[in-house]
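A, B, C and D label the chains in the order they appear, each numbered from 1.
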Amino acid sequence: MKFYNVPIEDREEVGGYTLLRYRWRELPVEAGQFVMARAVGQPYSFDPFLARPLSFYDYDGEVASLLFEVRGNGTALLDNATESIEVSAPLGRGFRIDASGGRAALLGGGIGVAPLKVLGRRLDEIGVNHDVFLGFADAATARISTDFPGATVSTIDGSVGVPGTVLDAAMDLEGYAAVYACGPNPMLAAVKRAAGSGVCQLSVEERMGCGNGSCNGCVVPVRERGYVRSCVEGPVFEAEALAW
Amino acid sequence: MKFYNVPIEDREEVGGYTLLRYRWRELPVEAGQFVMARAVGQPYSFDPFLARPLSFYDYDGEVASLLFEVRGNGTALLDNATESIEVSAPLGRGFRIDASGGRAALLGGGIGVAPLKVLGRRLDEIGVNHDVFLGFADAATARISTDFPGATVSTIDGSVGVPGTVLDAAMDLEGYAAVYACGPNPMLAAVKRAAGSGVCQLSVEERMGCGNGSCNGCVVPVRERGYVRSCVEGPVFEAEALAW
Amino acid sequence: MVIRTGVELGVELCCIPLKTPLMPASGTLSREALGEADGVYGAMLPKTATPRPRNGNPTPRIAETPAGMVNSIGLQNPGIDQFLQDLGAFDRGMPLFVSVAGDTVEEFRALCERLAGEERVDAVELNLSCPNVEHGGLTFCAGPASVAEVVSACRAALPDKPLLVKLTNEGVVGNSRAAEEAGADALTIINTIPALTVDPHGRRVLVRGGLSGPAIKPVALRAVYEVCGTVDIPVIGCGGITRGTDVAEFMLAGATAVQVGSASFVREPREILDEFVEYLKDANLGAVDLIGGLRDFSRSDR
Amino acid sequence: MVIRTGVELGVELCCIPLKTPLMPASGTLSREALGEADGVYGAMLPKTATPRPRNGNPTPRIAETPAGMVNSIGLQNPGIDQFLQDLGAFDRGMPLFVSVAGDTVEEFRALCERLAGEERVDAVELNLSCPNVEHGGLTFCAGPASVAEVVSACRAALPDKPLLVKLTNEGVVGNSRAAEEAGADALTIINTIPALTVDPHGRRVLVRGGLSGPAIKPVALRAVYEVCGTVDIPVIGCGGITRGTDVAEFMLAGATAVQVGSASFVREPREILDEFVEYLKDANLGAVDLIGGLRDFSRSDR
């Protein structure tokens, strides 16, 4: 896997998350695609050994941004990076945008908000109207929702917006021509159940070794096809294809 | 082994070497002692796994300094450190200074100059007169000799001072009451041969795993006693004790 | 494919000329990533194929460890039929090696028989690190007798192509000797090392599988060194190769070629080749000069 | 020594109560560094003693590897006589275990006989990872028969003290069973893994010895897990333990206690204990609750 050393444009803390921007002009970016990212080992370091999959939060043709939550060692090191980080080219299949025109719903659970910013941008570009529903644990993490004007926000602790999960806020999903969602797997399963007969695409999260299809680590069960690699056939899947 | 996180006071490049100062008040320092030093893993890193032995270059009771050459990964990371490094307490047996009063010769080969600064300081404190002889490869590394006023300098490439090794500069070692030397093992063996019947102490360099006597990695052969650990019984040995 | 470096990179393995001594380790380079191989590798080696399609294990299949990773993919593959149908993608103008595994000696034999007639296949690698269902699930590497049995059967079924035998670290010296005597043309050393990761907070097994990556390099290097001191057939070194100097270290220890596995997840193989070329330039040597070229042989072990 | 943490840290090993489940791995804590043990370790375990003094191997004896190190000390030690004379330094108010190794079964037996009468010694650990000069230099761990022979002899010579048997990774399950049947009271798993480091520029062997440190943790954890599923005697986990969660992982996999080796070169053992205490506090568990406490047992291996 090829990694590019990219200079950090800026880095900001937004509630519980880190928003990191870097200059990127090598290859185009689809909404829903991701990069394998890591801090720069100086000199080359093996600890941690693997890079981390992170979705594109936004991309304007010049500057790409990642929004991430510090969970363990890899994200902590990314969070500490000051000058540059190393990223792969854009990877995976993103959202296959339904341009037929009907209204779309975008649902994000927690850090699952990440791919929705650039998705909304694309929908705007092609003139698809859409509503955004974002669910968070608490007010701190919900702060990123200020970057989504007009979004309906929910929090588990009830401190901001609708008390409950994102599905308590997005009550009538069946009415949408397309539903796009990203978040923890249980949320995605619930979205799948709640969505109507229209388009429903889910961005799944599996541990990844390589990000380019080589290790077979990141599989999800797909109807009639067994396990498929989410890094090349996903991370965005049609809900009906997923065998869960 | 306990490591202390110590803030870097300042860092300077002197010719081919790095001079790094850190605040130290925990425990006293003997001339010829060393620390195990490493860059701060953030979060804790295993790459490289071991810390590196470095001699005290100087210590004034407040600020300790290390002078080192970047050779591999460990010293490169130390060289890149900006805010703090991790060091052990002072380790090993340093020079057993002969206070009987005779004139002393201090010999350093290359980065073996490191322990001579603080040794000279101690000799000055107790009023022992001494001459300093420093041998380097070239003019770049020889630049550190400006920190040793009055020292006789030699360079292998002849660009500064006496052309040749430090022993070409320090011609008559037999005349000194005490000889203290640090440098590559072949140089130390030559010093041993050239020194007279007075005190002759050599600071040896062996790969170290622990620095506190636990791993038995750093041994040197000693007359009649087989291998002894240079991190606790050295790194400074009486020349006559060494079985080489 | 032309590799121009001003340095002699070619080696010969079982009479097959390789433009470089590097090749992918089986199971670590997918069709989607083949672009990374061009101009870098001296041979191509796709993931192990089994007689029937295998779905593999449930996730999590990978976990990270200090300087390495543990995987338990479970040999997911589409089965030999589909594998051969798709093989065209792996034809990158370099020798093509195929890795196979079966549940029984007969399955191994039948796979070799099948490949014997495949013109596109230049050599076959037996992945013996999988459980032998006829022997209570011990792997085919469980001991010299087991290795000898499967290798002899495959040798008979594959008379005209080089037969490479890939072994695990455990018992590697005895197993290597057995493989050589049973007719192997070369050995690949080593496969992953059995390992376990535990999630201490969830108090669960995370992944029970095989350890790979830089962590195992010194173990693999030792295995290659000992085996090269024991057998006369060429050895392909594998395990933790991540930099150009790693390639050199394995060849110095006796390997004729090397395989790059986990490192290709975190670097471009081309960078490893570039570093190796730099190394050779500095040393003023060609790749073949390195093979078994340690200047000394070591003192006794601890 | 009083360890007050508000957390139940004590475990019992072969009827010996240990205040904490941590102890040093043999050969990694010297007399000069004993201060680090106080209030941290539950037992003391000095470097292996042999019948006669041993000078050990020439340098370099250690080399660094990714997340680990390779050592080839060669069991340098002053011999059992001097060792026992100096043993007082290791009396730190905690149970004292003594590690021994011989070149022959008879030497092992004689060492045990000698220690049988030593009141200060609470248990004996046999270091079986050393070459058996009567068997062409294969180690005493070379197989179950070899393990059974030396353990039976030692058992007979040491009827009244716990007998711990320390094994290498290779063949560990079969060897563990053999040790148990031959009368071992507990097993220490694992010793270093045979490894090699090469200096690519000097084109020389750097160190041929044993790999230790975080790199081997997943291998050691797997060994402990498999052995605990096989034998009924307690297991002491060893290999790469560097943080508090590592202690927990080994105990969850079935270990009753653990040994800290290479990590003590790069950290204070006290930090590991502190992290372990934090872990137990968060989990609201005592140390003994962890032993074999994985919630699941894993799916089949790859």
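Throughout what follows, a residue touches a chain if its C-beta (ideal position, glycine included) is under 8 Å from a C-beta of that chain, and two chains touch if they have at least 3 such contacts.
Please read all numbers here as calculations on a predicted model, not as lab measurements.
With centres computed as the average of Cα coordinates, no chain lies farther from chain D than A. Looking at contact counts per chain pair, the maximum sits at C-D.
Rounded to whole angstrom units, the spacing between the C-alpha centres of chain A and chain C is 36.
Note: centroid distance chain A to chain D, computed from Cα atoms, is 46 Å.
Look at where the CA atoms of chain A average out and do the same for chain B: the two points lie 54 Å apart. The set of chain D residues that touch two or more partner chains comprises 65-68, 71, 73, 213-214. Touching of two or more other chains is recorded for residues 46-47 of chain B. If each chain is drawn as a node and touching chains are joined, the picture has every node linked to every other.
Taken together, the chain D residues at the contact with chain C in this complex read 57-58, 65-68, 70-75, 130-131, 169-171, 193-198, 200-205, 208-211, 213-219, 221-222, 225, 240, 245, 248-249, 252-253, 279, 282-283, 293-302.
Residues of chain B that touch chain A in their complex: 41-43, 45-47, 73, 76-77, 80. Of all the residues in chain B, the ones that touch chain D in their complex are 1-3, 38, 44, 46-51, 206-220, 226-227, 229, 232.
Of all residues in chain D, only 27-33, 36, 47, 53, 55-56, 59-69, 71, 73, 76, 213-214, 242-243, 262, 264-268 touch chain B in the complex they form. By the touch criterion given at the top, residues 66-67 of chain C touch chain B in their complex.
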